[in-house]
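Letters A, B, C and D mark the chains as written, and numbering starts fresh at 1 in each.
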Amino acid sequence: MTPIQTQEMRARRQPASALSRLIRNPVQLISAIILLGLFLVALRNVLPLNGAAEYQPDQFARQLIFGLAQGSIYALIALGYTLVYGILSMINFAHGEIFMAGAYMGFFAITAAQETGLLASDPVLALFITLLIGMLSSAVVAVLVERIAYRPLRNAPRLVPLITAIGASIALQQIFLRLFGASTRRYPDVGWFVLPNACPALGTQGLDDTGLCRGIDLIGGRYDVTVIGLELRILPIHFLVFALSLALMIALWLYVHRTKSGKAMRAVAEDRNTAALMGVNVDRVIVTTFILGGLLAGAGGVLYALYNQQVSPFIGFLPGIKAFTAAVLGGIGNIPGAMFGGLFLGVVETVAPSMLGLSSQLKDVIAFGLLVMVLIFRPQGIFGEVLSSKRG
Amino acid sequence: MIRAVRPALYISAAALLLVLSGVLVSFQERQVVAGAVSLNAALIAGLVLAAGMLTAGRLRVRSGMAVLQGMIAGVIVGLPLVLLVLLERLIDLRFVFANLTQPVGATLLFSLELVPGLLVFFSSCLLVGALGGFLSSVSRRTMRITVFSLAATVVVGLVADQLDSVIAPVDGLFIGLALVFGYVGSDIFGRDSFWMRLLLGLFNGAAIGFVAGLLAASGGLVEGGGLRLGHVPPAIMILVPGYSLIILPLIFGILGALGALMRTTPRMISTFVHYGGVLVVILTLLALRRGFDTFDAVMVLAISAWAFNTFPWRIEESVRQFNGLTVVQRRVVRVAVYCATLLILVFAPAFLGQYMTNVLNLVGLYIIMGIGLNIVVGNAGLLDLGYVAFFAIGAYTIGLLTTPSILTCGGVPPEALSGELVLTTCTGIMNFWQAWIVAILASGVGGLLLGTPVLRLRGDYLAIVTLGFGEIIRIMLRYDDFSPVFGAAQGIANIPRPILDLTTLNPAWYFVFDSEASMYYLILASILVAIFVASHLGNSRIGRAWRAMRADEDVAQAMGIRLARAKLLAFTIGAAFAGLGGALSATRLFGAYPDSFSLLVSINVLSLVIIGGMGSIPGVVLGAFILIGLPEVLRELSDYRLLAFGVLLVYTMLVRPQGLYPVRYWQASAQALSR
Amino acid sequence: MTQLLLDVQGLMKRFDGLTALRWVDLQVHEHAIASLIGPNGAGKTTFFNCVTGFHASDDGEILFRGESLWGKTADRVVLAGIARTFQSTRLFGNMSVIEHVLVGMHSRLKTGVLDAILRTPFARREESEAAQRARALLEFVGLTAYEQQLAERLPYGLMRRVEIARALASEPSLLLLDEPTAGMNPQETEDLMRFIRRLRDERGITILLIEHDMRLVMTISEYITVLDYGKKIAEGTPAEIQRDSRVIEAYLGVMPDEGGEFGRP
Amino acid sequence: MTRQARLLWVAAVIIFAAAFSACGQQPQIVPTIRPTITPTGIPTATPEASAEATASARLVGRTLLRQASVVSQGGEVVIGLSAALSGEGFAPLGIDIQRGAQLALAARPTVRVGGAEFVVSLDSQDDQCSADGGQAVATRFAADERVVGIVGPMCSSACRAAAPIFDASDYTTISPSCTAADLSMSGFTSFNRAVVSDAFQGVIAAEFIFRPADQGGLGVTRVATIHDGSPYGDGLVRVMSERFTALGGQIVASDAITVGDTDFRGLLEDIAQEEPELIYFAGFPADAARIADQRGDAGLEDALFMGADGIRTQEFIDLAGDSAVGAYASTSIAADSNALSAFLSLYLGAYGEEPPAPFHANAYDATNILLDAIEATASLDLDGSLVVDRDALRMYVRNVTDYPGLTGVLNANGSGELSVADIGISQVRDNAFVEIAIGSVVDGSVVLLLNEE
């Protein structure tokens, strides 16, 4: 019997250094060079070489705010992707359309409110009802999609549910197109006035068309403000969108981490079969996940429509893809990660084209480029934990 | 109880969607049977019938109860529609449902007043529901025959105006005569020996052919001639007028022989002849009647009922017989089938006319791309949503190399050159064939480059990243700053059609591929090459490696398959096929325009691969004909093509994941045959 | 002693915190039938995965016929001549039995892309040879009757044999069998034992076996290594292992005291 | 298979491919004439340029055979209509064109040739405003012997894809809405259009923006241009920018949006840096409304907004809300003659709604010109059937002079342009487009006539 050698005698094999790993992997090498190149171009534009910088700080600040607003909408959708992926390790391609459904149903709600005069008399209530109806209808659509398209295929081979998801996404978009027509519809202008005593400070900007000042209009207001030397154009709706998505994210996080059914959800995410053995009703948990994802996407839809004022059956597709990118960026399956990913993507997408001096046609190229870079360098995303092969 | 009624609920929801989407308005004037049945009526009746059959079918009850069940289903579908019509009177639906250009009532109530209209509509729903219920209780065979012949009549009614010029009545007449004479003649005299029967059939057919030749030579068939019987020029006259007295007897002789062998030959050939004859009869009927009214409808219903009656039995027997054959016989049959289809494909443009050939060309392009994507998705299991990027690379390479562009004019953008200068400086312009090879190589390399970063990704990640690549390339092609190279939003125009200049061999051989038929042959040749390459690859060691990789990547690696190399190979070959198709599409459309390379193309190709049957080449061909050909022919349905794709994708995955023409069947038979 | 085929020294494998294998040494000699036993979760399958390149081991050395396999991926390991089966049979869903064996031969065949496309004489010859070899292998494992059937639809015992035939197709010199008798009745286990002996005697293949069926292990293996919690706690001939107190302790748990009512086996 | 044998195989394949392609014909040069608009002059395609272009077209298509449409006695003369009848975004435009043609045929149901009268019927096909659709419809008409002439196709990409096919069978097409500038300069023999080319619309728009207020213009020198990436948008912006810089104005920023995207604030913020006085957008209503609306968020609320005929619809006003007030749009219909208003009331009577798009009058004129051409060039055959010599028909349409159309007096310029050179400029005032000026090209230079307030 050979003597059992003791551990210490062995010379440990040092893990290869990060740099040498980078050199050996050509794909990472090339993308690193590209990233470096872009960074240098950005630096050249920002630094005030000969005279004023190509890219002014206040321009950066304004675009940062736009980016954050757009990013929080991406975040709300991305949360839906992360939840569903966590539970079923499947991308719910139709999630973009569920977002659109919320925006569209919100439109019918707010127009009905306008017709019945509620919008004029009590805008806050009307806005609340619109948000509620938007969220509920998205949840209903999400549950229907899960019930019809995903449940029967729960343990089919990996490719099958993915293809059903693509089919469901196209079908949903076309059903809305056939039912409600392709013409773009407009959310009516609505004013939500708060803090009337801020009137004197607002000066002329606070006056609406009737000439009197009723406070800060959270939805439609535009105010020029100079903050630490940067003259910025503040739209209160930006902060409303950002605040609401943050609040919803925190609420979701608390639900998942602090409640009983949240615990069940995490159990199912970990291992569906074992969770079932522990008495967790897996089907009900999955349905709740889709409902939560739907509610968040619906909220995102209504906020999006209030912010961009236009709704059509086609608005769901592109934001849906971008939101997936955000979810992967943040680390799929990780709730704060989805929020961060959404904001990060929103900002980069808005700021990068002008900072690099490119035309904004390339906005989507930057978004998809970012996705590829993340998957090359850190497939598990910024906050994600290493994807074990089981769920990878 | 609820479970039994669930199909009726689903169908009732579908009916509501149909009505609210305003589709009935655009279908209203589309007549299936002139004067009697409009497309609306056919659709609603079809839905109610299906609801009746499904509900009653589930409960497996005696006919009495079944009829009642059918009625209940009729109510479930009819009632919401009636309520909708009433609701419409109260509030204006047009604001919410924008597509309702006309009130729902007008389309549903057979243009009667409100109350009588509703009564007529509701009672007809009950009646049709009851019929559905009754059908489900009767024997399965009769149910299948009635349903299939009704469906066939509706389809023929819809497509009648396109099919009335496929066969000239005179041709149909002579083909029918040759078959009948061959069958009857050989039956009476040469009953016993096979060769005797064959000879007689041949002789009778040749006699018919001779008569046809005489008729053609006599000029009776010319426009306005007495025997023209219709406006379509008969093929007899077109085929080689000089030698008609030799060619025609030969062709009709073969037909006579086929007629003669109807009884004795293996079931397959007789089935083929049997249904070929049925098709010819229907086409001749349409060509004669030039319209489709109630009489035609009844005729087609009767013919299809008779045909479907024997259909399942004939198919089972031919499959049984086919399996019983020895290996050599099977190889002969396979070669015979291939030759027959090739023959039909070669003569198709002459029969179908320019418009149908144009449709076939579009279907052909999608077949080429489908075969390419089938390798990537069907065999290797890599869900590629950015396939249109390689299609675009192929098209733009042809565009750049066969027209004055920055590549062919030595780096000088052509706008800067005035007219004459272009001729002198742009010496780099290639002819189509050279550029085609470069296009295939370029898209192959594109596949390699785009494949490398995604090697380690799986399933959904891969789908999204390839979708991203597709979008990146589409945006780059349309990007303003690249306009001297790619022409930005204008794309590249004036791409010439291919010219085959064989004047060195024989001064007369100078072919310009400018007509639809010439492009058809070019596309047909490309498809054959594509099938040749893809099936050989699929059946080889590499094909097996791909299929293993698709089933279980880790185990495949344990079998010695280098995953990176296999995936890259699949990507490259798939991309090369797309490049081949892209080049043909660019020259066919005389230009490469950025709008025609949208994500929609990738989804179209993906749908026909998946619905056709992942991994099966005949599945791709079948998928292309149904998903691309049908909407082109039924143009008013082309608006609902995307809706149909979406629903079909979900339906296929739920009910028939292996697709319409599953690879299992194809591969097993291919292997069996190849031994 | 016959020539050393597989020499694993100080194999180390950590899964972020959990040390699955801790300094494991294992030697297998040419034409030997060796076994690797140990309670569940001892790291036996992880050991197989590290040797066959499924998992990258963190430290240690793997020498096969003197050539180092450390850091090589699974496809290179099978080229070197090591084949394996899996604990739960992982067959290809869309393939027939004979296709499984043909895929198993993938590393031994040379048909390239061009040969396949043009179906050159070389390709056709290699294909027919491969088919013949595959049929011979099926004959050897007794699956000739099921050649064209979908592998996943066969009964469990036959699926096991398909997996073994697939592993043999790459003409290995070392075959790693991961609990081949799991789910088999005694009669089938008996057949398998004879089959393993025939493999070693007729085809000269060295066998390394992971097994829980002690009767099979003790009768068939010439050398046994015991793992517990990722550490090698004993190795030697079946007789020595049976007497080794640490092995008993690992399997039956800690003895209450010397003369306890359990007593010696 | 030894290595050399395999290499042999590869070599054989390559040699075969090279040989096969080498014997292909020497590359035939097709001089594509991109829309080379001379900086100063108006894009006039001089007659000799078109002859040379026709020669090259011949190289592309088959040599033009002398073909004729034959309509047997008692049969119908068929006029083909190619427009987008489906596809929600384009359907309103296509249906509007179809109605224009139908109204023309309602007024003139028959054609009188040599004493015999033939009923004229309209065969409408859906070209889905795409290259594929345009070509499919073109082959369908080319295959039908009874079709004499074609009104359409509708969109520039369809026009460009279908033209070679119509050329090959020597057809005559008059498009009521293909405005891409280069279509009449690419040597297509079959292409004509009864609508003002973008070349004119862009030039007149540039003049209107640049000219000082007292000469009827806006007096703006700093302009930012945005287009929606479609051939129409890209071509129009190119022409306008070229003319505007020639006049001395400055294009401070030029960018493009991707259709389907909804948030342009980043783009507008970028443009705001250059402080443009006016934003010129070439595209369709939904995107135009978003840009008009979101420009306020980026600090450009005092910048003017101008579009082209694509946005001159009620949909733009509804979607842009109050930020549409004061927006300008150039459009092809200028002459507000009483014939036009009579036609509009006829339209309202027949279809119960205002025309949703601007091209109905152009379709009306195109159909009538085709009917005139048939009556002028057709002849009766011995057996009484009508024979229309397509080449003669084509020449007739290419040389129409002083035709009193709804859109003004139309003159052909010999290479496909068949329209008056007047462009109307209108502005959004209390929720509707009001025409405020008419620009026309008078022998090379632009004359701006202001409507009295």
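Just so we're on the same page, contacts are C-beta pairs under 8 Å (C-beta built on N, C-alpha and C of every residue); 3 or more make two chains touch, one makes a residue touch a chain.
Only a predicted model underlies this, so the values are computations on that prediction, with no experimental measurement involved.
Peer 1: Tally the contacting C-beta pairs at the B-C interface and at the A-B interface, and name the larger one.
Peer 2: A-B
Peer 1: Hey, which chain is the most central one here, using CA centres?
Peer 2: Measuring from the global C-alpha mean, the nearest chain centre belongs to B.
Peer 1: Any idea how many Å lie between the Cα centroids of subunit B and subunit C?
Peer 2: Roughly 50 Å separates the two chain centres.
Peer 1: Using mean CA coordinates as chain centres, what's the gap between subunit A and subunit B in Å?
Peer 2: 40
Peer 1: From the C-alpha centre of subunit B to that of subunit D, how far is it in Å?
Peer 2: Distance between chain centres: 34 Å.
Peer 1: Counting only Cα atoms for the centres, state how far subunit C is from subunit D in Å.
Peer 2: The mean C-alpha positions of subunit C and subunit D differ by 73 Å.
Peer 1: At which residue positions does subunit A touch at least two other chains?
Peer 2: In subunit A, residues 177, 181, 183, 359, 361, 364 touch at least two other chains, as defined above.
Peer 1: What are the residue numbers in subunit D that touch two or more other chains?
Peer 2: Those would be 229, 255-256, 258.
Peer 1: Out of subunit C, which residues touch more than one other chain, so two or more?
Peer 2: 93, 115, 118, 123
Peer 1: For subunit B, which residues are in contact with subunit C within the complex?
Peer 2: Listed in rising order, the residues are 532-533, 536-537, 540-545, 547-548, 550-552, 554-563, 569, 573, 615, 663-664, 668, 671-672.
Peer 1: Help me check something: in the complex, which residues belonging to subunit D touch subunit B?
Peer 2: 17, 20-34, 36, 49, 52, 59-62, 72, 86-87, 125-126, 128, 130-132, 135-136, 139-140, 142-143, 157, 160-161, 163-164, 168, 180, 182, 186, 227, 229-231, 233-235, 254-256, 258, 383
Peer 1: Can you name the residues of subunit C that touch subunit B in the complex?
Peer 2: For subunit C paired with subunit B, touching residues are 52, 54, 73-75, 78-79, 84, 86, 90, 92-96, 99, 102-104, 106-109, 111, 113, 115-119, 123, 126-127, 130, 148, 150, 166, 170.
Peer 1: Note which residues of subunit A are touching subunit D in the complex, please.
Peer 2: Subunit A residues touching subunit D: 56, 59, 62-63, 66-67, 70, 177, 181-184, 186, 189, 222, 224, 233, 235, 308-310, 312, 314-315, 317-318, 349-351, 353-354, 359-361, 363-364.
Peer 1: Using the touch rule from the top, collect the residues of subunit B that touch subunit D in their complex.
Peer 2: Its residues touching subunit D are 224, 353-355, 357-359, 362, 402-404, 414-415, 418-419, 422-423, 426, 429-434, 436-437, 475, 478, 480, 488-491, 493-494, 496-502, 504-505, 510, 512, 514-516, 588-591, 593-596, 632, 635-636, 638-639.
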